[in-house]
């Protein structure tokens, strides 16, 4: 036993499965794709139709699946009379469109994709109308935007299809986001997104302070989708889509989604002054503009598109009136419009298909070639024009009756009947023009194709729709009556007004206006028909070029963004660093603004003369370095080394021997490193300003930078000074000091922290070193020196030239002589370095030192050899394999740390014992030493890798001849 | 504040004299470094610090710690040894480099390459 | 001593900041190096300044935490020294590569 | 405390990649296959570890116990040693990281790992840094892991070399080195006042601070916060981000998607742990700055994305928008939003990652190829052992419908990033906005602006992606579409599939996010778990003098 | 195995250095010192450094004594000049021809000349043994040349070369 | 007495060495040529090392020795590199 809920679910998911299935069909599988789509649509239609009894009596089919309960978002399917009516249109017309498309689309088109999109779109529309949760509604809403985008852009090889699709997507998706926001506001007001709960809270919503924003946001959503002024412009351009798509999207589905939302929210949003004002006015303007523009179109589909806009305006206007009867009329006209507009689009498609053109000026006398199609189009157009005995007439009558109703005497109210009649006359005019221009008159001679009657299966959908127009128009009460009633009741419930669905109500004022419109339209056509053919566009309206405006707006938004981006952003590193420093300084300052700057009570240590002296030196060096860095790089480097030395001395002074040791070693390596780099830097000449001095902008920039630098310096000084004047309160160091020897077996607490308490930091730190080594290695593999740096340095060229010029000398003798003494000394020193580095390694746990200092020391020893003996010479003798050393070091630390896990202790738990060795006595054995050994290996590897990788650039030979030539040419220049 | 070690007076006098004279020698070198006019002249005074100054201070340190810890403390010798080994290397390389640079620029301070001036 | 150290930190920071705001790559490297000196001293200073109290436990293992300077900032500085050394090396190589590929030593890879 | 190997699972996300990379360092460049295998096994193992950790979290969490699992590295108790903490949030981030890792690694096999040496090693080390940063409970250790992940990201960014990359790399390195200095200053100030680095310990000590010391502490946190914000790419300190990410090779960029989130993560963690909650003095410290900064960042991202001329820049500004959204929401929220924030974080990270992988495939059709090109070797010894890119292009499975697949993937990415259905971006944005609107009774003007910017930025994303996507995918091209390899399509599909999963299982996922959100605000629970963690060995350690 | 014992002098030196560094003569440190010294000298042998062959240690001792005296003397002399206000002093380069060729001996000579205040080793050419030194306070060039050749070079020649 | 003597002696020595450092720093800052600066730097290193020796005596601790030793052993590496750079335009060939 299948439940109603189950049927509803099945109907909803079927199109999506069909879509998925179609997307996997082969490109040429035209028939199977169409068959699949048709069957899916038919099945879903049958399922929905089968649910009619459930909704006919005003009941609601609801099914709920928990999805995101914490946010009130559940999948809630809700089928009432209104949704059923829309579902019927969606699936019914969908089925007909599938049938039509099977014959319309060219055999060369990859139609499975087309049908896949179409089914997905159908499913999304269906999901939208059966949503019982507002967020879910917004979800499906955006899906319809998406799939309509794909459908409109289906012929994407065509530029206009692409841009139209994009325009439609942007407009409708933006509207969708507004709708979502509006819905969220509704949710905030009501506390739920459940449609039933929301509908029950009408009063609360209208009196809420969020009513206005919610209303405006929701209307934005509806208006964009339903192509209401001023968002109507996307619709005519969407005609770039294949005609079946137009027939579907612009009759029964896409554009009706906005109408559906207006109807859905009608009970809770309508009835206020604001609603009437906005919705009514917008509807009226759309109605008139659409009709006016439709008259002047030369393209069949454009004419239909503008007429769609116009009719959507009628429906919106009716809803805007806020009366129950207006709603009834709106719903009725929605259905009627769907039927006649779908059939007209299909007819237009047949004309296009058969003649190869849609230009009304070229078309003529087609009736003799395609009488069936002509007849069908005539009936449909008559329905559109509101000719009696057709469905369009009925809803138009209702509309006019509502328009004549007195409401508040406002301008809108007073003008409405006249404007409506005039606009309806226009719709008569364009309907007439459509038929007369295309089917009557002399047979056209210059058509691209010889027209024939369309095949039966292509005409069939139109026949069905036209039949509906006719039947509804003749016997409305027996056909559309109950369905309309169920739909309207689902919205209005007990407020449902009395209305009569009859063809004849007697000679009423609406009928009079109706006839006036018919007559006026006909007369106007007779008078203007030739002039219309030469019209270049709709007068007045033509200047409102929606698309161009859209594109202009978009382009200017983008242009403005580009200018703005340059204004609020920067790509310059200096500016970025300036901002960074300023912001950081400001952030650090912020807490002091309310609190003020205060220092603590701790007694200040008296100054020692030596310390003061070294800091005078330090300051001199630092400032000198800053001063010299641009033009005297070497000087700046030397000065920086001086500042570094002062830091080291300070560390010694301030009871941090480990720091001093490490910093000294690092200092040395850094100096060598930067010197290695200097070789590849360009020569700098002091900048010559035109008038002998820097321009004002430069001076200003320097002034700002100077101020920033001083501010940052002062800030750091003040912060550190304040901190040093506070007594130490709670600190974990106390524990570390107390437990360093007792539990970790080391007397040098700093080293114990590094290899035990916080060994994980050290572990990470050496990983950084390894990564940097790797990165440097990788980057330098692809090193490409600058042109002027490729050749050997000037000094070497001169010295080589000197050697070459003396017969007794060989090239390189100058160098050999130069390095004679250093080379010997460095050979002598090498074992001393080795011993000292082992010393640092072994004693680190108890006294200053450790794996890092030891590793750097070894690396310095290595680099000294490179300096004294040259790269090739060293590498002939030593096996320098930094990558392997690094890997081994990392693995050693890792396995040392992992060793603990064997004893069920966490990673890096250290192990420490004294072992009694005969003769020697107690020997300390600590896993920390092993860990430090790993660090040692890694540091040698990484440091050596970096230094050597740079050094290697000097001895590499360029790969290509071009580079070789470049070098020899520049050698020759000297 | 640093707690100055407590030495017997004789040792204190020896240490004080050695320390101060070491410092004076070093300072003399530094003053020379500032005072003299050409690079080659300035090359010499710093060696006061690396020879005399270092030796005197190392001796002071040896005396100081040997007395303080009542056992011979001579590891400071290593400092003197390595300073003597390493600083000349810099001077030698630097002097030659300076010679090269002066010759390229035709400075009158530098002698010609082969001595046939 | 505190004042001297604070002033020293300040001068190093100011020089470093001035340099990192300059347009040439070498200035940038030097600036960051000077800044890292300043930051290292700053971290040290956060453990308060102590003269002649190295964090080394006596040979007999007796401990008086109050008599020793705070060892933790020193350990942090050691880690920071290593990392900033690594980063200086990396930055230098990037600068060399940039110099080679763009032909200039301007930090933006283009001269004005 | 320690019970068997399972207890070491927490540290595995850090150790596994290191083990693999150290081993790979010992292999030479000809052993490409072995290295591929090691890397692949490692990322899969990481994924497995992350999954088992998150399953454990869920098990513990829904059985009512504390999910905060603490690992005492080196077996030192909490404030004294370094702790790793696995809880709702960190396990989530681990999983996210490992998913990105798998995707990036597979993708790189198609060609990118051969654009320069040692790509996989760097990738694994990047994962190690990320995992460590997510796990650690120690402020300075966080710095160390930040450095690891940064160092690796430098390597990954510069992978393949080339002027564009090196120029961007120069800025990236310089700014991050400066940022690291700020990090150090902040941590140092905090330590100077609080005397501890353990985050849980800090949370217990900070409330007792007052007076001038408090001001110093706040100053430290402000500087630290700026460091995090720079990493997160907040305006006006995030200008480096789009250009940097655009310059990286796709698998690197895909991994970078989570880098900016590390800053957000750190902010969330530190901020909520130390400043969240209801105690007077810090209640609003910096909150509004975060909100305004977030809004400014979204605006900048929106402007940038509209201005962007290339897809990679579009993606870069997506990152900016995503960061701004997160920062703004954190700044606006009092905790109720955090669930949504986390959902958005996960969803946008996956989306951006997929987008970066995809855009290269898409742009390969277009003209922008030069940007991503790899520098040719200059020196003779360039390719000792390494393999060149040339001539290997035709290997791999050629999928005929490549354009359709690209198009589909592209559409999904665009929708994901714009916050439109059907993927998780919609839910994420919905959850965020709903959280923001529900915060207080009224809606403050700044919140209105934030919400409006969320919508506008989504729109701008849509405009930018459709413009580029239509140009690149729909516009007919003379050139034959290059073959799409399985190794390239699969990771994109994987990431999008995860997003789809987030959408379909939004309920349980959001439940997880909410629990994660409330857990990071449960300061007391965190403090109790971390400071109460017991050592493995009860016995006294140390030198036994026998 | 050879490479561990190739430089006995150096090994001994390193061993002494180790003991000085550790300031301990415990059996453990002595063993460790031996091990380190062997490792260090093995490291040196990988450099394939040439080993100096000293023929006559007494000459070296004599040289050391001379140098010690000269260092003290020249320290005083240079310090005086540095501190005295007068600028009455003549510095100059001196060229001389060395017969010494042994690299280690040359290095020793260079170190002695440079470490002693007042003289500096500037340029040396292996090809012809021409040496350029700079003298701080040159009174008589011949005296200097004689001093270097007779006091230092002769002793070094006797110590190193057969 | 001896403590007082030593205190003043060490402070005096510190002061003298401090002036020496300033002199060396003057050379580093003022140049005029690069070789002068290198010379000044070398002098800074040596004088700084001597300062550490004084500091060591002043404190009676031997742990300052290592720092001084490191300067003695490795301090020249930087200046050697600088000197070689001046001569050859390249540190490692």
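Residue numbering begins at 1 within each chain, and the chains themselves are lettered A, B, C, D, E and F in the order written.
Heads up, the rule we're going with is that a contact is a pair of C-beta atoms (placed from the backbone, for glycine too) under 8 Å apart; a residue touches a chain by one contact, two chains touch by 3 or more.
If you're wondering where the values come from, they're calculated on a predicted model, not measured in any experiment.
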Using the touch definition from the top, what's the fewest steps needed to get from subunit A to subunit E?
1
What chains do subunit A and subunit F have as common neighbours?
B, C
Using direct touches as single steps, what is the fewest number of steps from subunit A over to subunit C?
1
Between C-F and B-F, which chain pair shares more contacting C-beta pairs?
B-F
Identity of the chain that, by mean CA position, is farthest from subunit F
A
The distance between the C-alpha centres of subunit B and subunit E, rounded to whole Å, is 16
Separation of the C-alpha centres, subunit C versus subunit D, in whole Å, is 28
Subunit D and subunit F: spacing of chain centres that average the CA atoms, whole Å
47
Residues in subunit E with touches to at least two other chains are numbered 17, 21, 23, 110-111, 121, 123
In subunit B, what residues contact two or more other chains?
1-3, 24, 29, 31, 43, 50, 73, 75, 78, 82, 85-89, 91-93, 96, 100
Interface hub residues of subunit C, defined as touching at least two other chains
20, 25, 28, 42, 45-47, 51-52, 54, 56, 72, 79, 83, 86-87, 90, 94-95, 97, 101, 107-108
Over in the complex, which subunit F residues touch subunit B? Could you list them?
1-3, 5-7, 9-10, 12-13, 16-17, 19-24, 26-27, 33-36, 38-40, 42-43, 46-47, 49-50, 53-60, 62, 65, 68-69, 72-73, 75-76, 79-80, 83-84, 86-87
Residues of subunit D defined as touching subunit C within the complex:
140, 144, 147, 151, 154, 158, 161-163, 166-167, 169-171, 173-174, 177-178, 180-181, 184-185, 187-189, 191-192, 197, 375
Mind listing the subunit A positions that touch subunit F in their complex?
608-610, 612-614, 616-617, 620-621, 624, 632, 634-635, 637-639, 641-642, 645-646, 648-649, 652-653, 657, 660-661, 664-665, 667-668, 671-672, 675-676, 678-679, 792-796, 799, 815, 818, 822, 829, 832-833, 836, 840, 847-849, 857, 860, 863-864, 866-867, 870-871, 947-948, 951, 954-955
State the interface residues of subunit C toward subunit A in the complex, per the touch definition above.
1-31, 33-34, 37-38, 40-42, 44-59, 61, 63, 65, 68-72, 74-75, 77-79, 81-83, 85-90, 92-97, 99-101, 103-105, 107-108
Listed in rising order, the residues of subunit B that touch subunit F in the complex are 2-9, 11-13, 15-16, 19-20, 22-24, 26-27, 29-31, 33-34, 39, 42-43, 46, 49-50, 53-54, 57-58, 60-61, 64-65, 68, 73, 75-76, 78-79, 82-83, 86-87, 89-91, 93-94, 96-98, 100-101
